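Structures incoming, each one as structure tokens.
Two complexes come next, and they have one chain in common, chain A, joined by chain B in the first and chain C in the second.
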Partner chain A sequence: MKSITTFITISILTGFIFAGEITGSEVIRKVYDRPTGEDMTANLTMVIENSRGNQRVREIKQYIKDFGDVEKKIMFFQAPADVKNTAFMNWSYDEASKSDDQWIYLPALKKVKRISSDSRSDYFMGSDFTYDDLGDRHPDEDLHKLLREEKVDGIDTYVVESIPKDKDYMYSRTITWVVKASWIGLRKEFYDEDGELLKILTVNEQKTFGDVVVLTNVKMENVQKNQLTVMKLKDVKINTGIPDNIFTERIMKRGMKK
Partner chain B sequence: MSITRRLTFLLLASVVIMGQGIDINGYVRNYLGVLTDGNYDYAINQNTLDLRFNHTAGNVAFYANPYLYQYPQQEMELGLRETYMDIYFDNMDLRIGKQQIIWGKADGVFITDIVSPKDLNEFLLRDFDEIRMGVTSLKADYYRGEQTLELVWIPTFTPTIMPDASSIWSRVPSFTLPVVIDDSRIEVPARLKNSEGFIKYSGMSSLLDFEVMAGIMWDDDPTLHITPIMEGEDPLPAALQLTPEHHRLTLAGGSFSSEWNGIIFRAEGAYYQGKKFMANNNTGLPTDLLEKDYLHYLIGTDLSVGSTWLSFQFIQRAIFNYKDVIVDDRLDNTVTFLANRTYLKDTLTLQLFGYVGLNHQDALIRPSLTYDFADGFEILAGANIFTGDADSSDPGLFGYYADNDMVYVKVKYSF
Partner chain C sequence: MLKLLVKLLKYPLPILIITLGITVFFVLKMKDNTRMETDLDKYMPQDHPAFIYSDQAAEWFDIKDGIIIAIQNPDGIYNTGTLTKIKRLTKDLQKMEKIEKQDVTSLYTADNIMGTEDGMDVKAFYKRVPDTPEKLDAIREKVRSNEMVFGRLVSEDETVSVVIARIDDDVFSQEFYEQILELGKSYEGPETVYVAGRPIVEGTMAELGPADMKRMVPVVIGVIILILLILLRSVKNMLLTMAVVLFSTIWTFGLLAVVNIPIYAVFTTIPVMLIAIGVADGIHLFSHLDLFLAANPNATRREATQDMLKEMWKPVVMTSVTTAVGFISLLTSQVYPIKYFGVFTAFGVLTAMLFSLLLIPSGVMLFGLPKGRKIKTPAGEGGAADEFSHKFAKGLLKYKSLTLGLTVIILAVSLYGTTKVWINSSFLDKFERDSEIVLTDQFINEHFGGTSTLNLILESKTGDAFKGPQLLTLVDEMTTDVETLPVVGSSFGLTDYLKRMNKVMHADDETFNTIPSSSDLVAQYLLLYEMSGDPENLWQVTDYDYSKLNVTFQLKSDDSKSINQALDHIEKYRKKFADNAVEMNFAGSGYKALVFTDLILEGQIASLILSLLIVVVLLSFMFKSVMAGITGTIPIIITAAISFGVMGLLGIPLSTTTALMSSISIGIGIDYAVHFIDRYRENMALTNDMELSIQRTMHHSGRAIVFNAAVVIAGFLVLLFSVFPPNRELGFLVSLNMFTSFLGTVTVMVLVIEKKKLFAGNSGSKKVNSKRSS
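Right after this comes the complex of A and B.
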């Protein structure tokens, strides 16, 4: 009886001491579960700058819709001219074990091709963002640890280290600064397979649409190659009721009507 | 109207319609190829202007794709690759006019992708959007969820374009006897009963993309009817009369692609009914024709190994109820492969593509290197290497051109 009483007392005390504290996993889960709206339309501009300061610009019109257990995204490439009217579609599943489905429409071939989503470590259109950087990485794919709390430019943040469960993943670990008040990832560091700092993601601008916060200007800097990509979202529209049937082969080929 | 006047009209029209809210894009390209035999003759020296006009207003749209090929010391070639109108309904689209219609899951192989005829002026070396010709047709697509039912009606038959007899890509069957060409039956009269019709049902899902199709068509490649020409009392023919003629074909087939563990698996096949095959008579001359069915199919896979994208396809054509007198092999096997890798933030692309004919041990190998100088501006250097024995009596599809190895450069600006 005494041992049972002792156990209950310790349990209550332990619960009392850590009430109000949060784990790294819970922080990342809150970032993942942050409201993103039912759908979003935006014009995306990527400015890719190499180590000599030369810039290239990519322009994309994108539509995203949350269908509950699957998020569907369709992108229409607008510039440069040699990729104009190329379309890319991605279906991303909540189920961590289910990989994305991806298709591409190449105007020169005039057909939609299913492509492998196994290329998550490939760089998106020559930018410093990999396909995986652009997606919502499921929290269950990493082990998370709350390192500390820190003020960044006067903003209170949690600093969380995430180590992938898959040892072959392209990053050995990432460190994310998460804003306490909004669960926005304000800054993220990516470390390569040797544990060296590879890239730094910083949020330059964010806009609020109702309860949805959208990162409208982010910079990814590759510190090893001294090159960077700035990604800007313009003409952002949230919850406009994008029809379900635009995430189809028909619209990939045809594009959205003007 | 002369080519110069047509070109002037085209450019003036472009200027005028730019003010009408019509999108214009396209490219200019210089394409220089040199044969690597002893004389280093130019295989091609071409300047290209390719324009695409499109405009959408509500539920209607139009698209036009005029192109111009200019060659030094030769007449310019001006044409319309496509020109069509679209009408969009809630669950249906109609497309009317000259259009490229591309079906199937195969890359670089034509199994169910037989609606649009081919331009083989440069064998299989042109870009695929230049090989496939637009065909004047009415296409209706009915959509239900992720499924599509597509109907195509082609009122007038358009055959495959073959190279001129003077072209290095011309392929003339070799005979021991002199030949006389009779073109009197090559045309398929333009009348309703000579229409072509196709149907396709397709779907897309997380598990599988599929297409099921059927068609009643004309064989794009003419059958060569060979008649011995006898003279006097000589029991042996003095010459052969070759009469090319297109015949009806029916086919049914399908294709699918799916992903498993990061690897794409693809397959495509079609059963062709009523193909006429050349066959040898009892004197060894291929004057007979035997009508046989055949199956043409492919299995393929796409995968990434590190940062290299790889693709492989195995293609087989199998003739049913085969007779030994048929000139073609009972089984014709081909393999294709593709390796592609990019460097320097996707500005440098190294690619190796090839067809390998397993029956004749011949091949076409196409290495290339593309560099994007600036957005929309690229230079491509490549080679077309044909292996096999061109002097053989049966050199195969690629071995026939074993003397046509070439290197080439394409400089292209897209706008």
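Right after this comes the complex of A and C.
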């Protein structure tokens, strides 16, 4: 099953692992294959800071629901004021060959428009996250290798290197530090086509909701451009039973009633 | 001073050895520490407001110069082969170590944002190269309907497409340049590949200029040696004279290496100056020696050398000091290479003086007097001058009004020509009209917006100012208006993105190719663009809080006239923008070059005036007569006037090199005047007869001046065969300046001397006598 969130929710694996016998591929599979919550509501604050220290802050209210073979997400911009009520909807399919469906509602235009894009390496809203970084990349798309086991700040982790099978992919490899106890990717390094370190993802804060762990503060740092993005989640609610029918153009226009 | 010099005559060998020793030291230093400075940014004063602003803007908007590689296929670019080449070339450039991946733009990398029935489509024009006619046609249609690509990346006749690689200033090196050219070449056939853009022009210039000089300088020196041999009729004298030139040049460049200053392009004119000065000193000394020996055939080595020093040390020192001071006046320039040029040329001139007074006498002492020399004309002790000088002086005085009349006419024409002089900061204009680089540039200008860029920076103090439709409409109006100029090919800025988005979101309806109607809509389009396009592109046209804009104009030419034309047109909008609390500024390498050239010229004019004043004061002191001081500037003024006049009439623009020629012409002009006036004063002191003094001076100094002019003119005329136009201009102007300086000295200045009765009367001779006894 495709994970329910784009980047935030990782459930704790309950089960037993045969220590020492695990392969890199299995580690990544464990991270990918966890049971997750049904839906999530949260307020997302995205802070993008460029090399000159200038910041742009965006506040977004988001609803995400897992429908099995498709994950639907709807986002309403709250701030800055001139984009308030702009809505963005994304349907992401489990089927690898099927690309996402996306819609945008611009209140100043009063129209919902479909967006089709063929690039999953596009950066998400000018942040340092690509759509690919946000969504879970299917384990089969890369070759994984367990490099070592390492203690990071007292936490036992597996260090896994993943090399994409597609040679033209935007990263030549990534290295993930996966917490042994929870299967959370604590840190991830992205290397560019020339094999140089491009970005570092770090988890600054995580919260547990029942059996679901939500990463509530993640930072992506582009070390080449000296630019970073921090995504913070507030007012997180898990499994509140978001109705199926909110993921429509009508709701994008009208907005969510409280 | 004279006593010291005469004393030193006893030690010719040690002098020679010490000189050689120091020279060897400098040569070794040069080997270790000499480097050329080719980064043009390094020439510009970093603290000048225009440059500070431009560099700041370059950082805000990531403004870089682009290398443009154009692929032409006369049958059209929409075929599998050409599209494959565009893709592969793009990837090759992206893989180059010194090029950032996102700085390469081509049809392959471009996003096609287009409107569809129910929304918006963001797709690459192609990823896999299309191989069916239908797919190729589809690309053609997509490009045609996207005005952000059509005419920018693909020419309107669809036979040329460009790949643009933006590079940092410091990236460019000879190696990189050759790599790029080679890469371009490897994609030839059946397509033709053109490589252009400012970095390429700068690179070619940095290569061609010095390479051409390297070829030409040996010929120049060869010709000078030959003429010196003919005139001096002695290998020894020629060698000694050339040694002065050579050693002073080595010392100057050696000192540059010691103090760790790189060689700037303008420094190539230092040897020019040192040749002119060094040869002059040598010729005047040997010419005097000749005349002395003709009059005293039985004089010993020592007697002859002593007399030479006694009679000539003063004019040699005077000419050198005045010339050096003239060059030091270049310190007023704001441009560091020009300051250095002034100081180090002054140093070179003074070392040339030192060598003339030490090395030449020592050489004569060591190697003996020139042998077998005969001067045709009988010249008794203080007797009549030789026939030609005699006749010339007579004729000159007889046809006074004719000479003066002609001078007035020539000066009038020159002044008219001076008004036509124009300043040019263009790099392209430095190349032959039919050279590959100029033709390539023309080719790309014909098919695309233009190879030169000018950046207009609009700045507001208010955040989100450039989300307002009113202000954006004004920007759009301005760019549309400026684009009507023939010299402006196209413009590019935030408004282009907004118009495109507005059109796309209205199902590609052309009537919506306008600025959106509300600031909220602008903000929402921008958000949408960030989400779906490449937001990096936005930060090249605006800043994070939308309070600044960068509008790029593509110009068809990089010459100052074109840039100024565009600037003037844009300036008309300054008030309108000011009414909206928006400030206008300019940036970019073309603009910097323009400001830089203006700076150099301002400095040149200031230092020209300053050095004229200094020369008047110095000469007045030296000759103890203000009138003599003023008279001494006559050849300089004539030379400068004719030099600028001819440049205006022949359409040679003022540039960094040609502007420096005015300093050099002053240096040369002073020399002639000083030698002549000094000798004339001596003669007046002896005879107190103006006509006789003029005749004798003509015979003595006049002869040396002719020799000097002949040598340097012959040498520099060789540069007319250079393949690099700026070097040709240099050769022509140096020759012209030498000629007019010489002519002005022996005609107009002489007539003024006669008219003003300079040094006539007892007071003059008394002073001279008292000085000579010191």
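A few notes on this one:
One rule holds for everything that comes next: the second predicted complex is superposed on the first by the 236 of 258 C-alpha atoms of A that agree within 3 Å, B and C clash if a C-alpha of one lies under 4 Å from a C-alpha of the other, contacts with A are read in each partner's own complex, and residues count from 1 in each chain.
To be clear about the criterion, a contact is a pair of C-beta atoms (placed from the backbone, for glycine too) under 8 Å apart; a residue touches a chain by one contact, two chains touch by 3 or more.
It should be emphasised that the depicted structure is a prediction, and the values quoted were computed from it without experimental measurement.
Bringing the complexes onto one copy of chain A puts chain B in a clash with chain C. When the two complexes are overlaid on their common chain A, residue A:Glu249 makes contact with chain B while staying clear of chain C.
Once the two complexes are laid over each other on the shared chain, residue contacts for A:Lys110 go to chain B alone; chain C is not touched. By the touch criterion stated above, A:Arg56 is placed in contact with chain B and with chain C alike. Applying the stated contact rule after C-alpha superposition, one finds that A:Pro164 touches neither chain B nor chain C. When the shared chain is aligned, chain C comes close enough to touch A:Glu193, but chain B does not. Once chain A of one complex is fitted onto chain A of the other, the partner contacts of A:Pro80 extend to both chain B and chain C. Residue contacts after overlaying the shared chain place A:Phe88 against chain C, while chain B stays out of touching range. In the superposition on chain A, A:Asp101 makes contact with chain B only, not with chain C.
When the two complexes are superposed on chain A, the residues of chain A that touch both chain B and chain C are 50, 56, 80, 82, 103, 107-109, 111, 113-119, 122-123, 125-126. Chain B makes touch with chain A in their complex at residues 25, 27, 56-59, 61, 86, 88, 93, 100, 102-105, 127-129, 132, 141, 143, 145-146, 148, 202, 204, 206, 209, 257-259, 261-264, 302-304, 307, 309, 342, 345-347, 374-376, 378, 412, 414-415. Contact residues of chain A toward chain B in the complex are 48, 50, 56-57, 79-82, 84, 91, 99, 101, 103, 107-119, 122-123, 125-127, 227, 245, 248-250, 254, 257-258. Within the complex formed with chain A, the chain C residues making contact are 95, 101, 116, 118-124, 127, 464, 467, 505, 516, 518-525, 527-528, 530-535, 538-539, 543-545.
The touching residues of chain A, counted against chain C in their complex, run 50, 54-56, 77, 80, 82-83, 86, 88, 103-104, 106-109, 111, 113-119, 122-126, 192-194.
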